[in-house]
Amino acid sequence: METKDILQNLVSGIAIGSTYGLIGLGVVFLWQSIERINFANISSAMLSAYLFYTFYSEIGMGFFISFVLSVGIVALYGLGLRYLIHEPITKRGGGRLEFVVATLMICVLWLNVIIVFYGGLPKPFPPVFGKATDFVRFAGVSLPVVYFYIFLVVAILMAFLHFLLRKTLVGKSLRATAQNKEVAQLMGVNVNLTTSLAFMLSTTVVGIAGILLAPIYFVSLELGGGSIGIKGFSAAVMAGLIDPYGAVVGGILLGIIENFSTLFISSTYRDVISFLILVAVLIFKPKGIFVWSLHRD
Amino acid sequence: MKSKIFATLLVLALLTALSFGAIKVALCAPFTGLGSILGDYIKKGAKLAVEEINSTGGVLGEQIELTVYDTAANPSTAMNVVRRALFSDKVVAVFGPNMSSAVLGVHQLAQQAKTPMLVGATSPSFRFTKVHNPFLFRLRADDDVKVSQLVKYAVDVLGIKKPGVIYGSTDYCLAALDVAKREFGARGIEIVDAEQIKEGEKDATGQLLKLKNAGFDGLIGLTHEPEAAVVVKQLRQLEIDVPIIGFSAWGVPAFTDLAGDAAIGVYSVQGFNPNDSELAVRSFVAHYKSKWGEEPSDPAQAYYDGIYLLAKAIEIANSTDGEKLAEVLSNQLEMYGVQGMLKCDEHHNFTSICYISQFDGESWTIIDKLH
Amino acid sequence: MRVVNWKKILLIIALALVVVYPFLDKNDYRLYLANRALIHSILASGLVFLTGFAGQISLGQAGFYAIGAYTSAYITTRLGMPIILGIVCGILLSLGAGLILSIPSFKLKAFFLSLVTIAFGQIVYVLILNLQSITGGPYGFFGIPPMKVGQYYFDNKGYYYTFLIILVLVILIIYRIKNSYLGRSMFAINDDVIAAEVCGINSKQSKIFAFALSASLAGLAGSLYAHLAGFLSPEPFTFFESSNFVAMAVVGGLRNILGGTIGGVILTFLPEFLRFRGWENYYLIVTSLTVVLVVVFMPNGLGNIIFKLFRGKTHSHAIHKEITTLRKEKEGGTK
Amino acid sequence: MILQAKNLTKVFGGVIANKEINLNVEEGTVTALIGPNGSGKTTFINQVSGVLKPTSGQILFKDKDITSLEAHDISRIGIARTFQKIRLFEKLTVIENVLVARRKFFKCGFLDIVFHTKRLKNEEKEQLDIALNLLQRLGLADEAWKMPGELPYGKRRALEIARALALEPKLLLLDEPAAGMTRNEFASIIDIIQKLKEQGITMLLVEHTMAFIRETSDKVYVLNFGEVIAEGTFEEMEHDPAVVAAYLGEESV
C-alpha cells in the first residue's frame, strides 16, 4: 500500500469523523448545560436539512434566508422541547429516564412525519457547498469541497461553545444550573433563561450541522435516526463529555478508527471494532471519563 | 335542500354497495423506517392500475379495493400485516412483501390461506423450484437473471478481467454477490476483491483503496441507492478510472439524483427503463406521470403489471377463489404488460425482462434489452 | 349490609376474559398479535425490574432478545435438539451476556451506561448480519420448528396458553423478589447507593443480579419468539426495537409490577389497530405521539391509572405485603 | 484495640485531606474526633467505613487489615456509621429502613424467594421482630409504618442510628450526631449514646458541640488541616495551647 493511499485514508477518516464531531458538539453542550441526554436533538439535523431543502430548492428562496429560516425554526423547536417535554416531565416527577424515552419517541415521530411529507426517498442536496464532482486535490490527496465548509464551521462552533461555556457569565450560569439548580438560583442566576438558552443553542448547533452534513448524508431520514446519531454520542463520550474540543477530537478519532479498520482489518466488521473500542474506552479510560462515577465524592 | 340530502344518501348507498361487492386486495410494502425508499413507487404503480381497472368497470362487474399495509421493511412486521390481510381482512390476493427475507418468512401463510401472493422481491432463493409454493408468484425478473446478464456484459462487452465488487449488507446485496461469484467463476474469472459498505455508511475510502490495491479493472456495484451514490462520488474523488456496472439499484433515479454528475457513464442492469420505446411502456409512463406528476421507477411497473395480471386471472377463472386463481396464474394466463409478455415460468416468475443501460447525465440510454 | 364490589367483579371478568380469549376470538391475526404481546410483556417486565426496581438502564435489550432467539433457533434447527433445551440455552447465553454487560454498570452511570448498552445492541446486530453460517445473516433463519406436546403441534391457541403461563410465572417471581430482602435492597440502592453500601448491601451484586434477570427474560422472550414466528431475520433486533421495549416499560409504568405487561400489550396492539385504510403512513405517528404524551403527562405510566381504578389509591411500592399482614396481626394482637 | 489507623493519608487531586493520621480506638470506649471545619474529620470516617479508599496507610479492625475492603464488606464485619447530612431511604418506610440493614442476617437464598418457602417467611418474621424491637429502643415504635419524610429531625437522626445498630456493629461511627438538634433532642441523643456505651458498643464520633463531647467521650483526637495535633482526655484538650490556637476564631461552646 502506498503512503499516498494511507494518507488519503487518514484524511477521509478525519473528514467523516468531523461530521460525527459536529453532532457530538450538540450533545456535549446539552450535557454541560442541563445534564440531559436528548435523543430528539439529532432530529434537529434532519429537520433543518429538510427545511433548507424546502426553502431553497422547492420554494426558491436565497441561500441566506433559507439558512436563517431553517436554523431559526430549529431553535424554536429546542424551545418547544423544553416547554412541551422537559418541563412537564420534571413537574410530574419524571426523571432522566422518562426524558430519554420521550425524546427517543420524538425522534421516531419526526422520522414518520418526514416520511408523510417528503416520502422515504433521500433527496439530493442543492450544490450550495460545491458540486458532487468538486474536489480539492493536494499532494495526491483529495477531498470534496464541502468538507472545507464543515471544517470551518466545526472550528467556529467548537471555539464559540468553548468560549461560551468556560469564559462567559452565560456559560458559568449554565454550568452552575446544571450542577445545582437551587444553588444557582440563590447565586442570582436566571435559571429559567439559561435553561431555555441551553435547549435552543443545542438544537441550533445540530441544526446548522444538519445543513452542512446534507451534501454527504443527503436530505434523508439517515440524518434523523441513522447511525450518525449514535456516532455523534460516541464522539462526545469518547473524550469525556466535558469540552466541545473533546467531542470533535472524539469524532475524528472514531472516523480514523473506522477507516483504518476497513483498510487493514475488515469492512464487514468495522462497526463491531469501533463499538468495541468505544466500550473499552468507557470502561478502561480511568480519568476524565468517570466524572460521574460512583465513588467520586 | 331535500334533493341534496337525497343525493348524499344515494352516494352513501352507492359507496356501501360498491365496497360490499368489492374485490379486496392487499398491498404490503415498506413505508416507514430507514428502508422505505421503494414503498412509494410500489403504491403508486399498484394504485394506478387499480384506478384504471375500476374506471373501466372493474372486474366481473366489481370494483377492486386496494388496502395498503406498511411492513416497515421488517419481516417481523410483514408477518403481522400479511396475517392481517389473509386472516382478518380475508383478501383475494396479497401483493408484496417486496423484501426477499420477508417473503421467505410469510409465504407459507399464503399457502395456508390458499390465497395467491404476488411479490416484487427478487431473490432467487424463493423460486418455485426451491420452495414449491403454488400460491407464490414473482412479478419481476429475479436477481439470478439480472446478475447473470450483468456479469455477461461486464466480461463480454466491457472486457473486465479483474472485477472488484462493492456490496451492501442486505439479503438483496448478498444474494446478488453469490450469483456474481458463481457467474464470474463459470467464466474462469476471479473476483480480485469484494468489499462491504453497510447501509448508512458515507465514506468508502477504505474499501475503494483496498479494491485499487487489489488491482481491479472494473467495479461491480451490488448496493442500495444511497451507498451507490457514495461509492461513485468517491471513485471520482480518488480519480480511480474504471468501468462501473451496477445492479438494479444503480439504475434508478433515486441513485442518479443523489450522485449527480458522478453517475455519468455508469452502466446498470435495470428491471425497468422509462425510455423504452415499447408502446406499453410509453403508455404506462404517460399515465403514471399524469397521475402522480413524476416519472415511474422500478418496481412501480411490476406492481402495475401485477394488478392487471390478477384482474385478468379473476376474469378467466370467473371467480375470486384462491385456488382457482393460483391455477389460472400458473398455467393459463398469458398477457402482454409493461414488462413484455407475462407468463408464469417454471420458477413462478412472470417475466425475465431486463435492460443494460448507461447513464448520460440526463437519462438512461438503453444499450440492450434482454428477455 | 353487603355492598356489591363492582370493582372486584370487573376484575374477575377481565381475568376470565384473558383466560378464555382464544376461544372467543377466532381471528388468527389477533391471536398471533396477542402472542407477540405476551412475549413483549415478558421482556418488558424484565426491563421494569431492571430500570424501575434496580435503577439501571438498558437500550440494548434487543441484543439479548436476539441472542435468545438465534440460540434457540440454532440448537433446535441445526443441531436437532429438543425445543426446551433450545430455550434453556437461549436463556443461559443471554444471561451470560447480561453478566458481562453488568460490569460497566459498576462504574458508569446514566448516559455512559446507556451508551454501552446501545453499543452492545449494535454489536449483536452486526454479528447477526455477518455470522451467516450460524444466523443466516440478512437472508434470515428459516424452518425453526414449532413447539409441540406429544403429537400436537402448537397453533396460536397453544402458544397463547404457554406464553400466558410463562408470563404469569415471570410476574410471580418478580413479585416475590420485589417483596423480599432482595427487592428491599434494590430500592435502597436506587434511593441512595452509599447509604445502602454502609448498610451492608453489595450494590455490585445487586446490579449484576438485575442485569442477569432482565437479560434472561429477554433471552426467554427471544427464544419463544423464534418458535412462534418460525423464522428470524436481523431487522427486529435493531436499536429502534430496543427503544421500543423501553417505551413499553415506561408506558406501562416503571414502578408497577404489571407495568411490563400493560405496556407490552398496549404497544403491540396500538400500532396494529391504527392500521386503518390509507393510514399506512400515519399509524406510527399516532403511536409515537401517544407514547410521548403518556411519558410526558403520566410519568408513572398507564399501569398506575389502572391500579387506581381498582384500588382507589396506589400503594407505595415499598410497603410490601408480608410486612403489611404482619403489621395487621400485631395491631390486632395488641388492641 | 478495636480500630487502628496507621499513617492514613488521603489526597484529593493535590489537596491533602488526611495526612498520616495515627489513631487508636479502645474497645468499649467512646472516642471523639474534633477539629475546625474542613480539618478532615468526615474524610477519616469515610475511609474507615469504606466509602473512600485511602491514598496510603492502613486501617486495622480487630487487628485485621480492612484497608482494601469495600463499604458493604466493612459494614458486614461490624462497623456501622451514620452521616453528617442524614441519609435515609426516603422511598422506604421507617421499618423497612431498618430492615435493609438486616440484609446480612438473611440466610435464605434466591430459590427460597422464588418458591416463597416457609423458611423465608419465618426469617422475614424474625427480622421484623428484631427491627421492631430496635425501633422501640430508640423511641420510634409508633412511627414504624410511616415514611421517613414524615418524621421530625431528631427522630430522623434516631432512625439513622437505629439503622446502623441493626447491623449489630462492634464499632459505631457517628458523624456529627447532634448537629442541628433542639435542646430536647440533644438530651435524648446523649441518652442514646450513654445507653449504647453501657451495652458495650464502641463508638467513634465526630462533633463540634463541646458539651456533647464532655458528656460522652473518653478520649479526644484533635484534627487540624488533616493532621492529628493533639490527643488525650477532654479536659487535657481543653487546656492544650495548640488546640486552643486551632480553634481560635472558632466558637467553642
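Just so it is clear, A, B, C and D label the chains in written order, and each chain counts residues from 1 on its own.
Here is the rule we go by: a contact is a pair of C-beta atoms (placed from the backbone, for glycine too) under 8 Å apart; a residue touches a chain by one contact, two chains touch by 3 or more.
Worth saying up front: this structure is predicted, and the values here are computed from it rather than measured.
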Chain ID, smallest distance between chain and overall C-alpha centroids: C
Of B-C and A-C, whichever chain pair has more C-beta contact pairs: A-C
Approximate Å spacing (C-alpha centroids) for the pair chain B, chain D: 74
Geometric centre distance via CA averages, chain C-chain B, whole Å: 38
Whole-Å gap separating chain A and chain C, where each centre is the average of the chain's CA atoms: 32
Inter-chain centre distance, chain A versus chain D - centres from mean C-alpha coordinates, in Å: 47
Contacts with two or more other chains, residues of chain A listed in rising order: 112, 115, 225, 268, 271
Multi-partner residues of chain C (each touching 2 or more other chains): 130, 203, 240, 281, 284
Junction residues of chain B, two or more chains touched: 31-33, 169
Contact set on chain B toward chain A in their complex: 30-40, 169, 195-198, 200-203, 205-207, 209-210, 212-213, 225-226, 229, 233, 236-239, 254, 257-262
Residue ranges of chain A touching chain B (in the complex, touch as defined): 1, 5, 8-9, 12-13, 15-16, 19, 111-112, 115, 119-124, 127, 131-133, 135, 142-144, 216-218, 220-222, 225-228, 255, 258-263, 267-268, 270-271
Of chain A, residues touching chain C in the complex: 31, 37, 39, 84-85, 88-89, 92-98, 100-102, 104-106, 108-109, 112-113, 115-116, 225, 230, 233-234, 237, 241, 268-269, 271-272, 275-276, 278-279, 282-283, 289-290, 292-294
Chain D partner contacts - residues on chain C that touch it in the complex: 173, 176-177, 180-182, 184-185, 187-188, 190-192, 194-203, 316-320, 322-323, 326-327, 330
Sites on chain C touched by chain B in the complex: 27-30, 32-33, 36, 129-130, 132, 137-140, 142, 229-231, 233, 235-236, 240, 272, 275, 277-278, 280-281, 283-284
